[in-house]
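The same chain A turns up in both complexes below, where it pairs with chain B and then with chain C.
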Partner chain A sequence: MARTTFEEISAADFFYRNRDIAGFTNPTRAIFAAVRELVENSLDAAESLKVPPDIYVRLSYANETDKETNVFRLMIKDNGIGVPPRHIPSAFGQVLYGSKYKPKQQRGTFGLGGKMAILYGQITTHQPARIISSTGMSKIYSYKLRIDIQRNRPLILDRKVLINKERWRGTIVEFSLEGDYSRAMPKILEYFKQTAMVNPYANLTFVDPKGRLYKFARATEEMPDPPKETLPHPYGVDVELLQRLIHVTTFRNMSDFLKNHFHRIGEITARKFLEFSNISPSKNPKRLSHEEVVRLMRMLKEFREFLPPNASCLSPLGEKLLKTGISKELEPEFIAVHQRRPSTYAGHPFIVEMAIAYGGEIPRKGSFLIYRFANRIPLLYDEASDVSTIVMNSMNWRRYKVTPDMPIAIATHICSTKIPYKTVGKEFIADRPEVRREIANGLREVARRLQRFLTRREHVSRDRKRLDIFSKYLPKIAEFSTQLAGKEKNPDIKKLLRSVKRFGT
Partner chain B sequence: MERSKHKSIMIERKKEVIASLENLGLQIYEQIDDGYFPSIEMPSRSTENIRYDPQVRQYILGDRKVRRHTRNIRHIRPFTQLVWTALFSRELTSHRKTSTLRDVYYSAQAYEMKFTDQQESNNIITDLETVLGLSREDFNIFPEERSAVFGDLTIEYTVPGYEGKTLNLTSHPDGVMIGPALTSSEFVSTTADKVIAIEKGGLFTRFVEENVHKKFNSLLVLTAGQAPRATRHFIRRLSRELDIPVYIFTDGDPWGMHIAMVIISGSANAAHLRELTTPDAIWSGVWATDIVDYKLPTDPLDEVDVKRLYELQRDPRYKDPLWQREIKTFLKIRKKAEQEAFSRYGLTYIVDEYLPTKLEETK
Partner chain C sequence: MARTTFEEISAADFFYRNRDIAGFTNPTRAIFAAVRELVENSLDAAESLKVPPDIYVRLSYANETDKETNVFRLMIKDNGIGVPPRHIPSAFGQVLYGSKYKPKQQRGTFGLGGKMAILYGQITTHQPARIISSTGMSKIYSYKLRIDIQRNRPLILDRKVLINKERWRGTIVEFSLEGDYSRAMPKILEYFKQTAMVNPYANLTFVDPKGRLYKFARATEEMPDPPKETLPHPYGVDVELLQRLIHVTTFRNMSDFLKNHFHRIGEITARKFLEFSNISPSKNPKRLSHEEVVRLMRMLKEFREFLPPNASCLSPLGEKLLKTGISKELEPEFIAVHQRRPSTYAGHPFIVEMAIAYGGEIPRKGSFLIYRFANRIPLLYDEASDVSTIVMNSMNWRRYKVTPDMPIAIATHICSTKIPYKTVGKEFIADRPEVRREIANGLREVARRLQRFLTRREHVSRDRKRLDIFSKYLPKIAEFSTQLAGKEKNPDIKKLLRSVKRFGT
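Let's look at the complex of A and B:
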């Protein structure tokens, strides 16, 4: 969509001028965003093969420009699907080129994150990027390239083909960029930790400019089912999309057009809808006037009989994996996870997954730790504005025997073909009633389980205390009464103590 | 007066005390041995179960019972403390040693039986009194003493190390402290024909200086405020064993009246005990009517005094016309006077004029 709108100036040029949109606001954010975008591309690349990701990230000093802002060399290596050689230059040297424009759940959001990082590096350091990739076949391709910003085209400076004896598969991206690592460090480390939480099947290794190694080892080889591509759901379409579909369609009547380009429209639904919207089933979609297209869009939204989108295009983490991830990174004493049933907002399917973790290594800090994830990406900024925070703050925690001073962490994972971000910064989720309700219900469910755990633990500790009291006093009573009665031997209290254990529970 | 009789009573009583303590131990021992959580039943000391018995002229406990059960988590600790206190008391009694309430509190710590405070330990001792129907003095636990006696009475000690030694209670002008040694002594001989109990130390000293014991042929007892139980028991013994009347002089206010009443009829707190009262003792003053008759210097009654008077007015122990009349008079004149108020007529006036008049009047 954006592609067609901005064809007049180069897309690369546009993003060069508006790099804030992609998160490259300042040297601190830029270095964080570069790491993040490339890690996410690598995760996607491995997951699309259903291979547990192995990702190695190295950030090193290139040379010092001034005290605060340094030039760094960023290298990231993955074991993902690899890029076919003919696509390499465009995939890394042409903004808005890629495979992420279909309605299925993706990490990348614009399909420009990785290229934006390279573009930013080029702008700040005037150095070319090096891309090495192999799909695991006999050859490895190595490119040195630069982006021609005005024309949005890759400039290939060097190309090598190597023999892939070991059948290595994956991609290595290496380039220079300006950034402020010392400021970005806490966020980068937090990013890795939280990424490890929602990707428990990934090995993440990070070597920072000071040579420190951070390793987040996988806890499982199990991976969630990859999302399936789906057609757009009629509730979610806009005029632009309709016009594009009309442009490309090969179907000559409305009935076939609807049946073949939309999710949840079959023979009967198509007929009903066309009756409802008073459109002739035999009308050629290519003959629709602009006004008719607008009306069609409205009718699609008004018609009540479309089934909600099914969630096969979503790839939630699943309760088991979410539990594994949070357990490995937070080491809590107790954890409850819950996956909500699929729901929709504005025609977009989404699934909410919630987790609550208590005790163990979770610190007490007077408020809960909140972890927010969208499509398995951690959201690290603007926590206070997020719908999860709003829901948490409006919960009546006392009902669940929970107080803010308890060591509690709460994680929200929402996955959707279109995450309802509030702003272009894509750091927090908008307060949509459908989303809010799902988060609230999910949170109540895990909170109830936490309450049961806390109550049971309280019972156990009360029983233990009871037993302690009986074990302390019964022997004394036995001893004193023996002496008082002038008897030789204390009476046996074992039987009494055994019965305390029984009636305590 | 029969010395040997009292002596044998004392010995018998100690035997009984030890026997009932041991019996308590046996009862608990057998319950555990039979595989039960031991429990003890005792009369309830809650206010609903305390009533005044006009026959015995004191408060007594009703029929309601409570059970301390070791199966109850809230009972097991006090129960253990009770058994320990019984054991401690048995040791004291059989070794003829005495101990104070404070001692009990500290001794418990050696057995990892720490009482949280003195009050807790006092409550346990009261429990033991209730269970056994004996007073703590019977098992040789005494409060800190502050009351005294003076006058011509010769006693013979029974406490270890002093057995057979005698003492005349005029031998020390400050009086002799009414402690364990005195309360357990036997009365040998006396020339006194009455007991005068006095609330305040100042007046007690004045009476000794003015030879009241000689002039009025009397034994003087200082109650030092509300009479401790040992003193109440001692006054009862003087009254019973010497067969002489007891006259009580207190301040002229509701609190003074009640000091006299507790000596006569006992307190609700000691409803589980007997033999602390002296029902025939007489309150001789200072009455409300004395305040009027003798034109004594006074203070106005304050709010709590008045409130207390209304309480006493409804109290069954005060149903006698004399008491009712005095309460009414206090409420009418709204004044009170201390015993020392007689000093306005000179230091000896109370002994020369007031005392003989009142003794005659209340005879």
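Let's look at the complex of A and C:
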């Protein structure tokens, strides 16, 4: 008789079996994914201290024979906040354990990436990972560990404690993995290049297996304010969240409960809301019945007078940085940047920043050069599925006198406490209506400015042609006229030419 | 001083926080996702017994007030294999617990969908789910449960045991959820329609909130052989998998180990492989050192004489079923179907089946009507990102005399032990080179046949025109010739017309 067998698998096992979902599809993608996940963790770690990041990445052949087998040693060193010793094993050896599970703008989103990289290295080489870290205190901790995938637990193979004479602070991660570097190289280099574009305060150094050094030196020490953790917004709540807040709250009345656990609910808003929903301000939240909790959620979504999410917790690039980053990279003839006002989706605040650039080093290739960034990281895959591309393709470009053969680059940056990635591998952003709308409006704004530039350029080009003609023929006409008039001396046409020049430019 | 806080979250919590990833993005998508996940589980459950599925789905307003709040009651009843009572709580109330974690062609892939549906219902309505099931024995078990999301454990609120007088076998799942049915309705109906197309042996009944009944009656009792569980193929192994096999194996020598744990390794192949990799056939697998395990993995990937995966474990639709399903739906003038030979990606076997149809009820809409199926389920979202669409868009259609304004429909079906979904929400299939190649070749084959039809059609159309002209003028010419020749009687042209007709059609 047929029987169905049931089994339980751990989260590590789930992502091991479905590592495609996390971006570790094949040796080429995997080596890219490993580098990007670790770099992003390091950037987050330094920024949380508002320290300009110094990140060093080295990819080398572990030994001679490995050159044929495509086995690499990946090492990354940063000057970030460091990991306290008691957290190191789980932070690197246990899936769904980490620091990314709070409502805050961070590059790391799912708390998976670093672990997936180590897991992938382990299943392709069977080598353990080495983690060395210090929070800047008197000791440095060094662990050699593996992930017990079936139990989702770290296996500590070795642990050393070293004296931290120089009070070094940071983290070093090192492990072996199988990868196809030659195929991945263009994407890895592009990743560093674009990361440097939008994080100009970071020093990035990359040494590849051939020993070539790529240095992306910081262009400024000036750092933006780090993103701040925020409280959930009423529009984004569900029953589970309410239950958890009720469970942990130390406040004993609804008024204080609302004011302290939600984003931007002050005394007046709390009072109005409680009136609107017919809930007593002195009611103890822990005494709400199930039905009342459901009703509370519904009321929170229906009440129209909550203030929209304040984006002060976000850390956008800013128009100046975006302009500098792109100009440095592409040296365009023209660039327009625009930062949209904050918006929200599902209770999460987000800000869209756009840039459009023309000419200079931008190639004419029949379609626009597209840059996509989210929380200051570049997205390099699945361009066609990304919401930005969808918006760009549905724009009526002819209206702005723009044709696909023009040398144009477009950059989009979205920052949010929760980037609506479509996949755990953070390849592209889902087509959310609120996000789409913001990108579309931002794009129209910069497209308008490009149109003005193009129109002006057309005029300038026309006038320059006229000037050329004047410059060519005016002297001859002057000569001719002089002779005709029987004069000796040609009139001084320099003044005339100068005024034409002035007019033309 | 800044400090990073670490926390551990459960798998249920992870998917709760990232339910977009699983397809539960908003109330419209969520209600669709809930229906599809449960229907797919029910189809798998009946097919595992090779029993023609009877599936009944009802979506209703839980009560009068809910009409404004968009809260629905979703109930699904099937005649599948049923769930043994000891597994019911975890099978429905614990994420990453289930029956989908084996190498077998199934609709359910991640073992998440049903749980996510229940979880979504819980967080939007706070109502528990009711599960009633029996494996056809003497008892029926009825559970009322919730998911403890933070612990990823089921909370059993109620448990009843009923006498199973009629030896009913199957499962009933019922819960409440918030959803936008009016928006989701077209997709839900399309889902049922397309599911019926490729599962013509299933009875599907759907009752919507307005009480309208949609019945998709089975067209045949004939069912394909159920898919079989298979062994891993050597090309798809990694160190983790080898370690697990070595850990559980009862075989004490490498030869038996290979023959019994891997797909299609027999006595001869095992011997050749062990010679090739210089491993003694009598070596005990449990005595392999770490380095030897890594080397074994490498050798397994390098050895060229392993037989390709046998697709006998797969259950494709078959050309007849595909043709019937599409013809019934679209009533085309022409249809061509083609089943590719089995192929593999990353050690997983897969089969691509294509169909192209022309005319009949297919609308002319400026682009082709595209149907995508995977393991007999329709994919209705993210068409643009799917590998099938990518292939279709890069085909040189003009070569086949096909233009986008023609009334053409294209259907792709892929069956595999592991469909390379890009997302946990099973929205679309990733662009894997092996899969892309198969789809491209399949599409060319059916496109060629369409081209022959179109060419023939053109000839027929041309000849019909000629025939019309003949029919019109021949009698007059006959009259005229008769008069010219001074004859009395017109020649009998019927025979002539008949022969022209024969020639023209």
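Rule of thumb we're sticking to: the second predicted complex is superposed on the first by the 451 of 505 C-alpha atoms of A that agree within 3 Å, B and C clash if a C-alpha of one lies under 4 Å from a C-alpha of the other, contacts with A are read in each partner's own complex, and residues count from 1 in each chain.
Throughout what follows, a residue touches a chain if its C-beta (ideal position, glycine included) is under 8 Å from a C-beta of that chain, and two chains touch if they have at least 3 such contacts.
Please read all numbers here as calculations on a predicted model, not as lab measurements.
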Worksheet item: For A:Tyr473, is the partner it touches chain B (first), chain C (second), both, or none of the two (neither)?
Response: first
Worksheet item: What is the contact status of A:Gln194 with respect to chain B (first) and chain C (second): first, second, both, or neither?
Response: neither
Worksheet item: Is A:Ile493 in contact with chain B, with chain C, with both, or with neither (first, second, both, neither)?
Response: first
Fill in: Which partner reaches more residues of chain A (counting touched residues only), chain B or chain C
C
Worksheet item: Taking the superposition as given, does A:Lys422 touch the first partner, chain B, the second, chain C, both, or neither?
Response: second
Worksheet item: Once the shared chain is lined up, is A:Thr28 touching chain B (first), chain C (second), both, or neither of them?
Response: neither
Worksheet item: Now for A:Ala485: first (chain B), second (chain C), both, or neither, which partner does it touch?
Response: first
Practice prompt. Go through the superposed model and pick first if A:Ser315 touches only chain B, second if only chain C, both, or neither.
Written response: neither
Worksheet item: When the two structures are overlaid on chain A, which partner does A:Ser133 contact: first (chain B), second (chain C), both, or neither?
Response: neither
Worksheet item: Which of the residues in chain B end up touching chain A in this complex?
Response: 21-22, 24-26, 28-29, 32-33, 35, 37-38, 70, 73, 76-77, 79-80, 83-84, 86-87, 90, 111-113
Response to the item:
The answer for chain A against chain B in the complex is residues 466, 469-470, 473-474, 476-478, 480-487, 491-493, 495-496
Worksheet item: For the complex, which residues does chain C have touching chain A?
Response: 2-11, 13-14, 16-18, 20-21, 25-26, 45, 48-49, 69, 81, 83, 87, 90-91, 94, 96-99, 101-102, 110-111, 122-126, 149-150, 238-241, 244, 290-291, 293-294, 298, 346, 382, 384-385, 420-424, 430
